[in-house]
Every structure is written in C-alpha cells, then in structure tokens.
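Contents: one structure, followed by commentary.
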Amino acid sequence: MRNAFRLRTLLLIVLPVLFFIPIYWTFVIAVGYHGAAYHLPPVWTPLFHWGPIIYVLTHTHWPRYVFNTVGITAATIVLVLFTSALAGYALAEIPFKGHSLYFLLVIGVMMLPQQALLVPQYVVLFHLHMLNTYAAMVIPFAANSSSIFLFRQFFKKIPVSFHEIARIEGVSTLRYIFRVAMPLAKPAVATSVLLTFIAAWNQFQWPLIMTNSPQIQPIELALSHYMQTYEANWRELASAALIALSPILIVFAFTQKHIVQAVAGGDLNAKD
Amino acid sequence: MASIEFRNVSKMFGSQRVLAPTHLGIPNGEFFTVVGPSGSGKSTLLRLIAGLEVPSTGEILFDGERVDNKPAYSRNVGMVFQNYAIYPHMTISQNMSFGLEAQKIPKAQINQKVKEVAKILEIDGLLAKRPGQLSGGQKQRVALGRALVRNPRVFLMDEPLSNLDTQLRERMRKEIRLLHETFQITTVYVTHDQTEAMTMADRICVVNGGEIQQIGTPEDIYQHPANIFVAKFFGSPAMNVIAGRLVPYKETLAFEPEHDPERLSPLPADLAARGREHVLDGPVFLGFRPEAVGQETSGTAWEIPFVPVTIESLGSHYQIHGQWCDQPISLSTSIRPVRERHKVLNLLIPWTDVHWFYEDGSRINFAAPVRVRQEA
Amino acid sequence: MAQARSLTQNPPQSASAARSDSWGTRIKTSILGYGLILPSLLVFLTFFYGPAIFLAYIAFFHWNIFSANSTFVGLGNFLKLFHQPVFWQSLLNTAYYVVVLVPVTALLALALALLLREGLSRRGGGISRAFIFLPHVTPVVATSIIWVWIFNPQFGLANTVLHFLHLPALNWLESVHWALPSVMVYTLWHSVGLYTVLFLAGLASIPRSVIEAATTDGAHGWRMFKRVFWPMLGPITFFVVVLASINTMQTFSQIYTLTGGPHGGAGGPAFSTTTDSLLIYQTAFLYLHFSLASAMSIILFILIMTLTLIQKWVADRFVFYR
C-alpha cells in the first residue's frame, strides 16, 4: 500500500512535467545561445538571452502577424458575445414560431464535420468575394453553438420579473439583454470569451485555405510559412513560436480551472 | 393617477380559463386589494392591468381611455414584484434610474427625482450601495422607490410583503398605506393574506377559481360575505359552517343539522317567516364566526352543544377548538374558559349573527328579493 | 410562410388584433425572436448549412470554380476517385491512424484520470491536471515546431531517450514507417488532456456512496477499478472513443506542419502520412480538383456524421458529465 501510494505521488509529479517539457523547451531554445538546439546532451536551463525575441518582434513582419491575430481574435470574441447573447435570449425567453427548429439548427452545426465542408466553404467565400479578407477570418466564426447554449442556460435562471419590470419601465429588449441579462450571466460570458479566444488564436487551417495574403495572415499561418523557409534557424523559429504561445499560456495560467471546467461541461466538440 | 375599468375582460391560456369575463371599476386614488388563494387568477388580473398580459376578450380602460391594446410601458404603471426584481449588479440609484434613462430623460433631472423619492422613503443613505448589502425591508423600499420615480398613474403590487418576516411586514403595511395617503395614487395590491387585504384596503376584491367572488369594503366583506368561500377566507379561526336542512316544525321552521339530525333548532318567528320565502324544505348552510358565541343579544339565540378539545391562549383572548358531535367547531372568547376538557357545554349564538347560505354556497340575503332559481 | 400570410390577414394595428389573444402578440413575439436569432442564423446558414448542401451539388457535377459551366456527371467523380491509388492509400492511412491512436488515447486518458482523481483531493492536484490539459489549448503550429525538433534524427530528444533506453535510433518523421506514428505521438500529447478531463467528469459523477460502499467491502486498486469504475464509466468511455474517432479522423494541422517542408511536402514521405483531410486539402487547394475533393468530402462527411449521430445518441441517453 505505502509503495503504491508513493508511486502514485511520483507519477503525479513526473507526468505533468513530461507534458510540459516541449513547451518549456521552446522557451529554453528561444532564449538560449545560438546552437543550443543542437547541443548534446541537451541544455536544460534558460539563459535569458532576449535578443532573438526582440529581433523577431522588431526586424520582421511579426508585429503585423501579431496584430492580425489580436484583431481577428478580439473581433471574433465581440461578435460571438453579441450573437450568442441575442440568440441565447431568444431561445431562453421568447416562444417564437420555429423555436424548436432553430434549436435543432444550432445543435446541428456542432455536428457538421469541419474537414468535409472546407471545399464548399471556400467556394462560398469565393463567391462572396471574401477570400483574403479579415472578414473571412472572423464572420464565419461570429456565431457559436456552445456559446448560444451557454447563454440560454444562464438566461433561463434569471427571474422572469427582471424582464417584466424592464418592459413596464419601457426598457427595450436589446437594452435589457446587454445591460441586465448579460451582466447577470457573467460565467457564460467568461466561458465564451475563453473558449473563443483559444479557438480564434489557434486558427490555422482556415486561414491557410482562405487567405494567401501576408497582410492578413495570423501568427499560426505565418509560423507555418516561416518554418518552411527558415527551418535551420531554430532560435528565431522558437522565438516566433513563443510569441504565438505566450498569450495562451498567460491566459491559461490565470484561468485554468475555469477552462478545464468549461471544456469538461461545455465544448465537447473541441477539434484537434 | 387614474381610474381603472374592466369591461368584460377575460383571459385564457390556451384552452385554460384563468379569468372569467370580469367587470370591474376602481375609482381614482383608491387602495384596492385583490385577495385569493394561489392560482385563483389574482396575479393575472394585476398583470392584465400592467400590460404584461393581453386580455382574451374585453377592454381595459384608464380614465376612460382604452389601454389594453397598448404596450406595458405606455400605460405608465409602477409595479412592485414579490421578489422586488431589483438588479443585483447595479447600485440602488442605478436601479431607480434605469427605467428613466431608457426614456431619454436628462441625467440631472433623473438624479434629482431619484434623490427626492429616496428621501421620502428614507433610503437616501443607500443610493450608492448594491442590493446584496440591503435588508429585506430596505429592498422593499427600493422597489417602491423605483416605481415612484416614474410618477406612475397606477401602482401595482404583487404580494410585495410576502418575503418579509411578520414584524417587518406589519411595519411595511403601515408605511405603504401612509405612502398611499401621501401620493393618492390608485393602487391595486395583490395578496393571498386576508389580514393584509383587510387592514390595507379601501375595498377588497376576493377572487377564486378565476372568478370574482365579492367586491366590497373590509367591513362589508366580513359582515356580509357573499358566499361560503368569502366567509371562510376571512377571519381566523375561520367561520364555522354547518350543513343541514330547513324543515317545517310546528307552526314555524327548524334547522336540522346534517351531522346531528335529532337536534332540531327552531327558528325565531321573524326569521322563519322570511326563511320560508327563500328556502322551503331544502338544504342550507348556517355559519357563525368563532367570536359570535356568547355575545349578548336582545333577541333569541341558537343553542348548540359543544365539547372543547384544545384551548389556545393568545393572551388577550382564547381560541377553543372542539366538536359538536363530529362537526369541528372553533370559538374565540375573551373570557377565560374553564379548563375542563370533554365536558359538554351549551353555546348560545345570537340568531342575528348567523349567516345563511344556499346549497351552492351563495349567501341568502333575507333583505333581497327571492332568487329565481328557488322559485322554480 | 404561415407567418407572412397571417400578417396580411390580421394587421397588428387593427382593433381585433389584441382581443383574439393571439395574432397580434404572437406575431410581435415571433418578429422579436427572429430579429434576435437573425445574426447567428445568417452565419450558420451562409457558412455551414449552405456549404453542406452545396457540397452534394458539386460532388455530382464536373465543375470548376472559375467557369460557369458545369455538367452533371452523376457518380463520375466517385468512379474517378476510386481509380486513384492515393485515395485508397489515404483511407488506409486514416484507418491506421484512427485504429491505433484512439484506443491508446482512451486508455492513457483513463489511466491519467484515475491517477488524477486521487491526486485532486491532495494539494497541487489541480496543477497536475492543468499541466496535462495545457497542451490541448496550445496552437498546433507553434507546438509542432518544437516536436519537429524533438523528432530530429540527429539532435532530437526522441532519439536521445531511445539511446538512453539502449534502443536503436529512428528516423521518425523522415521514415515511411515512423512518420505517421510520430504524428500520433504529437496528437496524443496534444489531445489526451481533453479526454482525461472528460473521464474526470465521468468519475466525478459516480456517487460517493457507491465508492464508499466498495471501500468498506475492502475493494481497492484493480478490484475497485473492475467492480466500480469500469462499469460506471462504460457510457463515458464509449463517448470518448467516438469523440476521439471523430476528432482524429479530421486531424489536419499537425500532419501538415510536422510532415511539411523539407520532408517531401505535407503528407510524406511517400504519401505515408497522407490522410483523408490532407488529401482533400491538396486535391482542392493545390491541384484545384474541386469536384474530386468534394466527392472525397462526401465520403468523409457520411463517415463522420454516422459517428456523430452515434455519439449524440449516447450523449442524450447518458448525460452524466454535466
């Protein structure tokens, strides 16, 4: 028994460390000396040479890519909150005709296999003249089933009288949703923001297909191109990867409990 | 401020009728309580006035002007909900000004109005606080204040005191009444609590099963209940109601109780004469209030046997629960009873304090003309 | 359509609108509802349902994005597809990838969940869970970069570990035999945390009393697992397996990134990592054979929809993790 307990404790420490090594290593190489990547046995301590990262941020197009990703992510989050709050409210409170049909449509979107839709989606964007635009990076992801359901679930918990008093006082439904219902559904807002942030920041395949303009490409796509061109330049590559990784790592560090719970209870169709 | 009128107003939810066609008039400035058990349709009545529900038939008028086709906000009513519906994420002053802001009223004007009302309600010290920091009574005032800042024509309250403890409830009862005397705003006040209805109202409307049972002043309703439901709803303990028949007895009539047919109670001559006009040899209900027992009377009294079972002391008076054969009877008396259980007592109830009801529960009004149904 | 008709028959302004309880209010309610769902509905229809329907159209036509002419070819695109050896190769690769990766992922996730379940009651247990989950939220390209280097035959950590264990070195991503397993290793690292968390949710839903009763009976370790956890986890295990199948079948980004560049273009070496998603991508967006890619997409679509419906069915019957 005692030995089994010790073994489990050991595994509980060692396994998480193993999972973290690749990320840690990205950091070590990015801030290490030139050629650290090829050193055998590997170097494990970071040297804190910030030079390469500063170089990447100042002498390349990376600021532009970071700007693109930040813009796309921010816009997606704002739009997702907007559309989800409205649709979630309609599903929670308004008995409109076709209510259940729309409910099915929202569930259905979660079930559509993304990889099988890329060809027709490309054609649609082509005909809408949306290829190579920021809009193409944002608008298709401006509505999100799990966020809609999340908002619906939280709006249902708000007492009916909250909306009725607003009706009596002449407060419009939109104003009520944004000033009263949404602030009262903070957990839904937080979860939606986090999940949308992660999904939008990590976008790769979509921009790969829908844009070939370096002006719009987000950081992941830029990384992929960069990787194929400068494969040998490990330090710069690791620095660029670190730039792409850091926001996720920082956000995760502060909200990991929330994210893990959100994923376990909400976003079950998370794509690889 | 406005008068309210219902003309043939009814409400269906799907195929379910929640309010039977109703005629109703509430004069300007009246404090009107609507009372009834849960599910009686009293809240529906209030929500129809507020505009939260649309009537299935009929018209609702404020000051003679139709409003049932108008949206809720244009009717300019102030409403207080049972749960107060105060937004927990806003401060008290934000809560009070939220509705006014939506109407694009200048900020300075809103602030002034909020301060003014807050002062009257003595919540001016709480304006910067959030609802979570407030006591139940304070929340109650905020809910009143939020309705008042809009200068409503009509004040609607949906069980506003039922979330408070007894003491606070009594205090708020007085305050709301006082507020009404200050502002003279027509108020419709829904409650399931008969005491609340009695103590606050100018007039009471008793609702049950989606139908209005009676409308009248508190005294009217207590002394002349329109039917057994109203009679039993008001007063605590409730009115004792005894089923039986009126049967011929010698030259006059006698009451033959269902649970004790051996015991015929002859009616005094004047009652018998009028009773014969209304019911001949038919089932009736006789009722008397617990406090009617032993009252002094110039006339004759109804004598019934009574076996006390429990005696409750309330300090100022006593409530005695017991039986007449199998029929439970409750009494209320200020005279200390002899603590002797299971001893048969003779109760005297003045005939003038006895209420008469037809088989269907409606009141036999001896002064009124004979009911058509009974003639046939 | 019914809405539009009733609107004209019963204008909401007419006096009768309010009285019949229904039309006026109900139409107003519905219009408000439609207004609120409109933004999301437009997105769903334009970018998801529209393309899904359009997919069927282009798969049965000889069709070119740049020209207006299209001719109906029926199953022609599919027949053409079946004559391509690379198509069969991609199906085989996908099957290999899914059949090996999914059970390994599920088993590892289950083991990690059981381990973490005990750890969560202790200090730092939440941190262990966070570190195992973290890779799942990292951007694929950024983390693939480091894995390319880990798999480097000369300097990589992978071979260093093998050397340490006295095992022969491998060529990893540059080997026809080991390229796809290398991708599997990456995907396992990247996604096992997700399934671990799902298993943890399943474990959390087991009533405490059941576990306590078994403990009182003296069950622990393997017996505990066999008697309590395994039977109780049945539905979630099935759910995880189907979800993992759906996700792995659609793996794209890591294959593209890990096998791209000097390793013979994505999908290499020698088509050994060309899975269905990759082939669809290349056929459509590299060689511009949209009709052929659509035919492939439809096959993938049907495969995954079948799995999804099974998953949905299971999830609806056993909603244990919420």
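Per-chain residue numbering starts at 1, and chain names A, B and C are given in the order in which the chains are listed.
Everything that follows uses one rule, which is that a contact is a pair of C-beta atoms (placed from the backbone, for glycine too) under 8 Å apart; a residue touches a chain by one contact, two chains touch by 3 or more.
Computed from a predicted model, the values in this text were never measured in an experiment.
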* Which chain's mean C-alpha position is the greatest distance from subunit C's? -> B
* Asked: Which chain is the middle one, judged by CA centres?
  -> A
* Asked: Once you find the CA centre of subunit A and the CA centre of subunit C, what distance in Å lies between them?
  -> 16
* To do: Could you give the separation in Å between the centres of subunit B and subunit C, each centre being the mean of its C-alpha atoms?
  => 62
* Distance from the CA centroid of subunit A to that of subunit B, rounded to the nearest Å? -> 59
* Residue numbers on subunit B that touch subunit A, as the complex places them -> 50-52, 71-74, 77-79, 81-83, 85, 87-89, 98-100, 102-103, 146, 150
* Residues of subunit A touching subunit C in the complex -> 4, 8, 11-13, 15-17, 19-23, 25-26, 29, 37-42, 82-84, 86-87, 89-91, 94-99, 102, 105-106, 108-109, 111-124, 126, 128, 139-140, 142-143, 148, 173, 198, 201-202, 204-205, 208-209, 219-221, 223-224, 227-228, 231, 234, 237-238, 240-242, 244-245, 248-249, 252, 256-257, 259-260, 263-265, 268-272
* To do: Quick one: which bits of subunit C touch subunit A in the complex? Just the residue numbers, please.
  => 2-3, 26, 29-34, 36-37, 39-41, 43-44, 46-52, 54-55, 58, 65, 112, 115-116, 118-119, 122, 124-143, 145-150, 154-155, 157, 160, 187, 189-191, 193-194, 197-198, 200-201, 221, 243, 246-254, 256-257, 260-262, 276-277, 280-281, 284-285, 290, 293-294, 297-298, 300-301, 304-305, 308-309, 312, 315, 321-322
* **subunit A - residues contacting subunit B, complex** => 159, 161-162, 164-172, 175, 179-180, 183-184
